[in-house]
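Below you'll find the structure I mean.
Labels A, B, C, D, E, F, G, H, I, J, K and L are assigned to the chains in the order they are written; within every chain, residues are numbered from 1.
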Amino acid sequence: MSDNVYKITEVVGTSETSIEDAITGAVERTAETVRDIGWFEVTDTRGHVVDGKVAHFQVTVRIGFHVKD
Amino acid sequence: MSDNVYKITEVVGTSETSIEDAITGAVERTAETVRDIGWFEVTDTRGHVVDGKVAHFQVTVRIGFHVKD
Amino acid sequence: MSDNVYKITEVVGTSETSIEDAITGAVERTAETVRDIGWFEVTDTRGHVVDGKVAHFQVTVRIGFHVKD
Amino acid sequence: MSDNVYKITEVVGTSETSIEDAITGAVERTAETVRDIGWFEVTDTRGHVVDGKVAHFQVTVRIGFHVKD
Amino acid sequence: MSDNVYKITEVVGTSETSIEDAITGAVERTAETVRDIGWFEVTDTRGHVVDGKVAHFQVTVRIGFHVKD
Amino acid sequence: MSDNVYKITEVVGTSETSIEDAITGAVERTAETVRDIGWFEVTDTRGHVVDGKVAHFQVTVRIGFHVKD
Amino acid sequence: MSDNVYKITEVVGTSETSIEDAITGAVERTAETVRDIGWFEVTDTRGHVVDGKVAHFQVTVRIGFHVKD
Amino acid sequence: MSDNVYKITEVVGTSETSIEDAITGAVERTAETVRDIGWFEVTDTRGHVVDGKVAHFQVTVRIGFHVKD
Amino acid sequence: MSDNVYKITEVVGTSETSIEDAITGAVERTAETVRDIGWFEVTDTRGHVVDGKVAHFQVTVRIGFHVKD
Amino acid sequence: MSDNVYKITEVVGTSETSIEDAITGAVERTAETVRDIGWFEVTDTRGHVVDGKVAHFQVTVRIGFHVKD
Amino acid sequence: MSDNVYKITEVVGTSETSIEDAITGAVERTAETVRDIGWFEVTDTRGHVVDGKVAHFQVTVRIGFHVKD
Amino acid sequence: MSDNVYKITEVVGTSETSIEDAITGAVERTAETVRDIGWFEVTDTRGHVVDGKVAHFQVTVRIGFHVKD
């Protein structure tokens, strides 16, 4: 069968500075163990507050990668 | 009838650097052909990954504009 | 009863520059009157458009805080 | 191909008096430029408040129309 | 067992004049065959358009009623 | 910081006659204690049925107001 | 009252071969006991897997029918 | 046609003591009139409060049963 | 105007033992400062895990209470 | 700005025979007037029933296309 | 503890010809590395368009399998 | 990069006696192979019915754990 199959893994990236940073961290960390990542989708944006200040952005991303034969 | 009517168009902006940039691109590109844009609403934040790095943020925005008589 | 109880308040932060700024503004403003904020969750990202440009990002955040005895 | 195709357009109608009026305004305004409208679906009911009173109902409707050959 | 059990039935009411009328019609028609209706909940508001005018409001209501022993 | 912050409160208005009346009641009652209300959004439309007739419309509205410095 | 009322019933059709078959089975089986079915809406598409192969498609459909006087 | 068809009915069970009890009550009450129930799914968990105490848990369950030939 | 108005507040109850306990805690704690609570609705069930064991159930409940004149 | 912008249009395809056919019809009809379509997404699968048989599948698809400079 | 535990994995199957084929491909590919698959659930149906024609159906399925002791 | 990354896995726990038991089983079973679990979130509560009685509660939980360097 020549049709492609992809798998989706869900990861939460965190960053003290920005949402983009949290996403980038989640993708790059996943890329250390998974090859052929093709896309991501943000499903949740939360964060931690300490002493009345945003301490971390916590961004849940679904990450899709190609399953090679 | 004096009551106002607005139309909503859906656009996906993309950016290599930030979610805000993708939104701004979608709004400004729409403004080239549509006048009287009043608001936008983000409905989806996705992205493209190449070689284990985020290549583009892809942000779907619903853009509302006033329909003039 | 020693189990903790938290309350959630919903706030819309706005910023001319970024989504993170709007979130930070909502959290810090809430922290002026509410102590022991622990987390936030983004539920809506909208914005105002003026003359075809994004004028404000408007981000709705649910903010959770500890109810002390 | 004899099977029919329909298009959906999204419009926000407004009214100072009622939700039905806002819907009717959105449909009738759309009918000025689009023929063969068949149905609508309400997806959002909001409103503007001025001086503690409801100033306008704002109703988002998806409007479906037949695409003729 | 003395605890109560309720059943939910889903009905679409229609009206040429208002959303309230469509709801009322759905409830009253259901009451002809079901006793002890306690509540309703609107889940969908749609309508039929003929010649560019709203012909009918179609309102889907979930109707809850007490199941007597 | 000159950017504005808004708060959202959730209220259920009720009316024996119409959905608009229930919304209006919720907004006006909230305006007795909260200044600078700017908008509302309907999230739920339910009702009470007595003797097979609609006794009350119960409409949940999220009400947004400006938090002044 | 001349306005029409419709009832919605929820049925799960199953098929070893296709989603369309499962839908058709659900509609035709319902038509054995209910007259004047007008429409259906798919709300869930699931299936059973046996020995690593799809054994059945299970499709939940909401089926609407006219309530005659 | 040998493929199976199932019907889904929606029931609200109530209990003064637990969510499981409310579910069990809804299922067992339905089993008095419907044979071949196969599964349930919880869609809503609410409750009644009297004098500042939880008086009843009210759990909405969708109950699926086999339609025999 | 004799029609009633209710307010909804969102609270997270926690318990080491059960979901019901977390709900009960949220309702009873709210009842210490708010009179005339009428109902609650569960919107989220989460929990904390420590050393591979569930340490706390965290249940978000929307609590509705009557606003007296 | 070199970043790409896409537009999304919503279309309902219909077919007497299959869901895939309805999707294909919606895409191909849209391609008659819009160039550079890149993707589609199914958001609703409904159908028309006549004399107890499925007469048409009606599939709502969101269709994305590249906005060229 | 004799109670069973299942795991859910998310996979995107693709097919040039049909939605069923895409589902089947996702399930069978997963079955090459995971035993005891019991069910699947479709959560997203998308596709790729090339030269105005549907090139691939892309179907996201959640696949559940038994975790053996 | 010092920011933390978490992974989410989805598991269905089952129990003959309670929802809490099903959650606990899912968490503890996952803890046998995954260290540093931090939280869970319930997304679905279903069950199996045999002979008109609830045979099993089936609770889907998303389980988050820390990805260590």
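Here is the rule we use: a residue touches a chain if its C-beta (ideal position, glycine included) is under 8 Å from a C-beta of that chain, and two chains touch if they have at least 3 such contacts.
Computed from a prediction, not measured in an experiment: that's the story for all the values here.
Chain centre most remote from that of chain I: J (centre = mean of CA atoms). These two copies of the sequence, chain F and chain J, are related by a rotation of 120 degrees on CA atoms, to the nearest 5. Residue contact pairs shared with F-I exceed half only for one pair among I-L, A-C or C-F, and that pair is C-F.
A straight line joining the Cα centres of chain B and chain G is 38 Å long. Centre to centre, using the average C-alpha position, chain A and chain K are separated by 21 Å. Residue positions 9-10, 18-19 of chain F each touch two or more of the other chains. Inter-chain contacts occur between A-B, A-C, A-K, A-L, B-C, B-D, B-J, C-F, C-I, D-E, D-F, D-J, E-F, E-G, E-H, F-I, G-H, G-J, G-K, H-I, H-L, I-L, J-K, K-L. Contacts from chain L toward chain A in the complex involve residues 1, 3-10, 62, 64, 67.
Those residues of chain G whose C-beta lies close enough to touch chain H in the complex are 9-16, 21-22, 25-26, 28-30, 56, 60. Taken together, the chain A residues at the contact with chain B in this complex read 18-20, 23-24, 27-28, 31-32, 35, 37-42, 63. The touching residues of chain H, counted against chain I in their complex, run 17-19, 44-49, 52-54, 57.
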